[in-house]
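Notes follow the structure.
The chains carry the letters A, B, C and D, assigned in the order they are written, with residues numbered from 1 in each.
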Amino acid sequence: MSDGKLGENNGDLLQINGVRIEATFAEAFDMKATRIIITAMDEIWAEHAASAMSGFGTSVIDCKLEIDVERRLFPIETPDGRPGIALLAFAMSGSELEKQIVRRAGQCVLTCPTTALFAGLPVEGVPRDKRMPLGKSLRFFGDGNQISKVIDGTRYWRIPVMDGEFICQHEAPRTAGIGGGNFLLVARDIMAASRAARAAIGAIDSMPDVITPFPGGVTRSGSKVGSKYKSLIASTNNEYCPTLRGITNSQLGEGENAVLEIVLDGLTFESIADAMRRGITAACESCGEHGLVAVTAGNYGGKLGRHHFHLHEILS
Amino acid sequence: MSDGKLGENNGDLLQINGVRIEATFAEAFDMKATRIIITAMDEIWAEHAASAMSGFGTSVIDCKLEIDVERRLFPIETPDGRPGIALLAFAMSGSELEKQIVRRAGQCVLTCPTTALFAGLPVEGVPRDKRMPLGKSLRFFGDGNQISKVIDGTRYWRIPVMDGEFICQHEAPRTAGIGGGNFLLVARDIMAASRAARAAIGAIDSMPDVITPFPGGVTRSGSKVGSKYKSLIASTNNEYCPTLRGITNSQLGEGENAVLEIVLDGLTFESIADAMRRGITAACESCGEHGLVAVTAGNYGGKLGRHHFHLHEILS
Amino acid sequence: MTRWHFRRRASESGKPLTQSIDASAIRREWLCEKSESEINALEITVDGLAVSLGDVFELSIASSEDTQIVIEGELDEVHGLGTLHDQGDFRIVGNAGHGIGSGMTGGTLSVDGDAGDYVGGPYGAHKVGMAGGVIKITGHVGSYAGHRMRRGVILVHGNAGQMLAASAVAGTICVGGHVGQYVAVGMKRGTIVLANSSGLVNQADEMGGTSSNRFSPPMRFDPAFLNLYRDPMFDEITLSLRQLPVFRTRADRTVGGLGEVIFPAGAELAIDV
Amino acid sequence: MTRWHFRRRASESGKPLTQSIDASAIRREWLCEKSESEINALEITVDGLAVSLGDVFELSIASSEDTQIVIEGELDEVHGLGTLHDQGDFRIVGNAGHGIGSGMTGGTLSVDGDAGDYVGGPYGAHKVGMAGGVIKITGHVGSYAGHRMRRGVILVHGNAGQMLAASAVAGTICVGGHVGQYVAVGMKRGTIVLANSSGLVNQADEMGGTSSNRFSPPMRFDPAFLNLYRDPMFDEITLSLRQLPVFRTRADRTVGGLGEVIFPAGAELAIDV
C-alpha cells in the first residue's frame, strides 16, 4: 500500500493513496461536438442562459445532446468583451447536433436578457458542410428587421428584441469529439463516494475541452446494454449495484457499498485522459483515507468504441 | 404622481412609485400541470438534479415543457425527510406532460447521485386517468430487481442503482394549470430594466404554486403571432423592440429604451395574480426612481386565452 | 361513520372463559349493513358450537369520525379477529388469539397486547395471506406471522415466534424484539425489518454456513426507503436502524427468493464496519 | 509571400508631378503572376496617355510574411489605388487620389494620409461599390465615400466630405471627424458610425424638420455590436460612443431605407438623457 502521492504500479497492482486502481479501461465513442460562447451584460444573466441551455443535457439517450458548461470566460476572452461562458455540446451525428443547438439556443439564449451567442471554435477555414447554423436560423425571429454584419470575415446577426439587439454569430463549426470517457469511484458508503466524486469534479471543472454532462458531473445510474424488458436498450448495471450483491454477479467486494461514475466528453483523447487523471488523483488524494476503496472504469470489452483509456497508463 | 406604496387609480391612470401601470391585461391559457419533488442526501445533489430537470424548459414552443423550481423544501416537508426541491411543470396536453416528465426524470433524477423522486400533489382520490407514471415507467431500469412498496396507500419503487436504491413514487397526479401570465417592464435602459426584472423575480421566487420558466425568470424575446417567413409561427414583437421605433409601429415612447418580460405559469388564477402583484410592486418600489418607466402586459385581444389578468384590478 | 364497540362479557351463561372462539365473522363490511339486533344475532363458533354474538360480546354502537371496530376484554382464545378487514380501524384491546388479520386487505388492525400465531396469514383455505393494510401489535406475536403475506405492513413491537414471513410473497414486517427460528423460510419477496439482530445472530450457522443456504451473505445497506414510513410506532421500533450500521440479506435463496431481511449490526459488529 | 514596393519617382522624364494618374491596374491578382520586368512594362494612363508603370514608379520586390503592396511618394493625383483589391495589405503612404478601393472585395487598404472622393465606390460602370475588406484612412476623405457600398468597412480617422454612404446597400462606415452635407442620401441598408455628432447637428433641420424626411427620429441605442470590431483604429475612432449616450436614426426613409446612422449625444444633449 502506498502512502505517496504518485501511483505505484507493480505489474497489475496500482494504488494511489491506498486506493486500488483497477487494471482496466474506459471505452469511448466518436461523437460530433461544438463549442459555443454565451456572453451577457453581467455574469448573472450569462449563468442563467448557460444553465437553461445546458439543462436536460445529460445523455444522448433521451436528451439527444450532452451539453454542459466548459468554463467561465473573462471579458477579455469573449468576442464582445463581456463576461461569458463557454459550453461544449456533443451529439451522435452532425445533423442532430445542429438541430439541438439551434432549438436550445432559440429557447434559452435568444430569450435570455442581454445575452449574445458566438461560436467557440474558429470558423475560418472550416468547410461549409462542417458548419452549423446559429444566427443563420435564429435571425428569422427578427421578421425581416435583423441586420447582418461581417466583421473580420465573420458574419454576425443583430436581431431586434425587447432589450435591444440579440447579437448572434451566423454559424459555428462542428468538429470531431469523443464521448463516454469515464471512471467509477467505489467507496465504503455513499457519503465517501459523494465526497470523492465532488473532489474529482472539483479538479475537472475548470479544465478546457472537456465536460462532465451528468447532474453535478456525476451519475449513479450506471447501465448495461440490454434488459429483460425488450423495449429497453439499457438497464441497471447489476454488477455495480451494491444492493444486488448476493443475488446477481457483482464486481463489488466486501465493504464496497456505493459506486459513483464520472462520464466525460471531450474534444480530444488527451483532454479526456488529462481530466481522468486529475479527477482520479483528486478523489484518491482527498478520500483515500476516508472510504474511497477503488477506482475502475466502464467498457464493453473494447468492441464498441475505438477510444480506450487505460487507467494504469493514464495514471503512470 | 404618487409617492405612496399603494397604486393610485384615477380612472385609467394608475401609478406605483411614479411608474405608469397600463390599463391592459395579460392573457393566459389553460395548460396541464404537475408538481414533483426531488430529494437528496444534501441540498447540493438536490440542486444538481433540479437544475438538470428544469433546464431547456423555458417555453412549450420548442421545449415541449415549461418547468422550473417552485421552491426549496425543508426536510420536514418532504416524503422521505431529506432536503428537497419542488418543481412545477406545465405542458399543452396531459400526454405531452407525461412524456416529458418521464423522459426528463430518467435523464436528470434517476441519474443523479442520492436523489429520490416523488409526486408533489396528493395522489389519493385522483382518478387513474389523471395520473402520470413516474416509477411506473422508470422502474424497468431495475431490470426485474426493482422492489415495490405500498406505504400508506401510496406505491413507491426501489430501483437498484450504483449508489444504492433510487426511490421513486409510482405515479404523480396531473392537474389543470394556467400558462402565460405575464407583465412587461418598460425602462429607460437595459440596466434599469434588468434591475427591475430581478427585483420582480426576487419577490416571486419563493411563492408557491407559480413559476417563471424563462432564464432567470425573465425574457427579452417577446413575440407576436406570425411572421413574414411562412414557416415561423412567431417572430419578434416589433411594437416593443426599441430598435424598431421609427420604422415599424411601436408601443414605446421617448425614453423607453428597454423592455423585459416576466412570464408566469401557475396552478391557479390566484397564484398568478398574486405573483404578478408582488412582482410588479417590487419592481416599481425598487426602480421607480431608477429608470423603470411603465408596466404593461401582453395579450391577444382576449380572444385566445380565457384567463385575463387586468393589471389595474390586480394592483388595486 | 360508525363505531362498533364489543366488550367480551365476563362469563357466558356461567361457563368459564377458556373456550375457543372463532370471531372471524366480525367484519366491517358485514356490520355496516346490519342493525344492532342483527349483529347480536350473528352466529359465531364457540368451542365448536354456534352461539349468538350477543351472548359473548356486549355491543354498543355510536357514530364516529372514522369507521372503528373495537374489541375489548379477555381475548386470548378469540381467534380470527380482523379477518378480511378492509378499511377503517379494527382495534383489539387485550391479547388476541390466532389468525388475526387473516386475508386482510386494508385499514388498520391494532392489538394493544400480544397476538397468537398466523398474524396476517391466509384466510381459510386461501393460498395468500394479508393483501393490504397495517397490523400494529404492541406486544409479541406467535409463529408464522406474515405467513404467505402478499402486501401490507405488520408492525410488532415485541418478539416474534418461529417461521416469521414463511412463504411471504411481498409486504413488510417489522419486529422490534427478538425473532424465533426459521425466519423467512420459503420467502419469495417482501421485507423483514428486524430492529434487533440477535435473533439472526442465533441463526448464524444459517447465515453463511453449510447447513443452510437460505440467506445470501449479509451486505451493508442503506435502508433509505424506511424514511417513507411515517407511523410513530414504526419510527420507535426501527430506531436502532437509524443509529447502527445496517445490513441486508436476501431470502429464501433455496427457493430463489428475493425477499430481504434488514437488520442493524450488533454493537460489537458495528466496530468492525 | 511577396511584398511589392512602389515608390513614385521624383519626376517622370523631367515633367512636373501634376499629372493625373490612373493606377487602378496595380492589382495583387495581376502582380502575383508577373515578373518584375513584366510589371514595370504594365501600361498605365498618365494624363490620358499610356505610360509604362516602371517610368512612374520604382519597384522593388521582396519576400514577405504577408502579401503586401506598398505605394509611396507623391500620390495626390494618383487615382484608383487598391481597385478590386481582394486579399492581403494594400498600403498607401501619403495622400491618395480619388476612387481608392473601388470594387474592393477583401483584404485591407490603408492610407497613411488623406484620400479623395469615392473611397470604396463602384469600379468603372458597375452598380455596386466595395463588396468586402477594410479601408483605413488616417486622414480625411472627400465626397461620396462608401458610394453604393455593399459590404466591408471604411474607417476614416478624420473628416468625411458630402454624400457619405450615398446609395449604400450595406457595409459599415466609421468617421472620427466631421461629416459634410447629405449624409446617407439614398442609403438602403448599412451602418454609418459617427464619433462626432456635430455634422449631423448641422443637418438638424433634416432630422425632424419638414425640409427632409430622410432620417427617422433619433432614438437612444445600445451599440453593443460595435464591441465585435477589434481594430485598434476602430476603437480609437469610436471612443466617444463608449463615453456618451448613443443615438441612432434610420435612413434614407425617403427611399424606404433601413440604413442606420449611429452617433453620440453632444455633451449638452447628454445632460438631458
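Methods note: a contact is a pair of C-beta atoms (placed from the backbone, for glycine too) under 8 Å apart; a residue touches a chain by one contact, two chains touch by 3 or more.
Small disclaimer: the values here were computed from a predicted structure and weren't measured.
Novice: If you check the contacts of chain B and chain D, which chains show up for both?
Specialist: Neighbours common to chain B and chain D are A.
Novice: Along the shortest chain of touching chains, how many steps lie between chain C and chain D?
Specialist: The fewest steps needed to get from chain C to chain D is 2.
Novice: Which of these pairs, A-D, B-C or A-C, matches B-D in more than half of the residue pairs in contact?
Specialist: A-C
Novice: Between chain A and chain B, what is the separation of their C-alpha centroids in Å?
Specialist: Once rounded, the distance between the two centres reads 27 Å.
Novice: Please work out the Cα centroid separation of chain B and chain C, and write it as a whole number of Å.
Specialist: It comes to 47 Å between the two C-alpha centres.
Novice: Let me have the rounded angstrom distance from the C-alpha centre of chain A over to the C-alpha centre of chain C, please.
Specialist: 52
Novice: Multi-chain contacts only, two chains or more: what residues does chain C have there?
Specialist: Where chain C meets two or more other chains at a single residue, that happens at 221-222, 258.
Novice: List, in ascending order, every residue of chain A touching at least 2 other chains.
Specialist: 145, 164-165, 190, 242-243, 247, 257-258
Novice: Drawing the touching chains as a network, do you get a line, a ring, a star, a complete graph or other?
Specialist: other
Novice: By the document's touch rule, what are all the touching chain pairs in this structure?
Specialist: Touching chain pairs, listed by label, come out as A-B, A-C, A-D, B-C, B-D.
Novice: Per the contact definition, I'd like the list of chain B residues that touch chain D in the complex.
Specialist: 189-190, 242-243, 245-247, 255, 257-258
Novice: What residues of chain C sit close enough to touch chain A in their complex?
Specialist: Where chain C meets chain A, its residues are 216-217, 219-222, 248-250, 253, 258, 273.
Novice: Show me the residue ranges of chain A that touch chain D in the complex, using the header's touch definition.
Specialist: 79-82, 116, 145, 147-152, 156, 158, 164-165, 167
Novice: Enumerate the contact residues on chain C facing chain B in the complex.
Specialist: Residue list for chain C touching chain B: 132, 151-153, 170, 172, 189, 191, 221-222, 224-225, 227-230, 258, 260.
Novice: What residues on chain A touch chain B, complex-wise?
Specialist: Interface residues on the chain A side: 41-42, 44-45, 48-49, 51-59, 61-63, 103-104, 106-108, 110-114, 140-145, 159-166, 184, 190-191, 193-194, 197-198, 214-216, 218-224, 227-229, 232, 235-238, 240-244, 247-248, 257-261.
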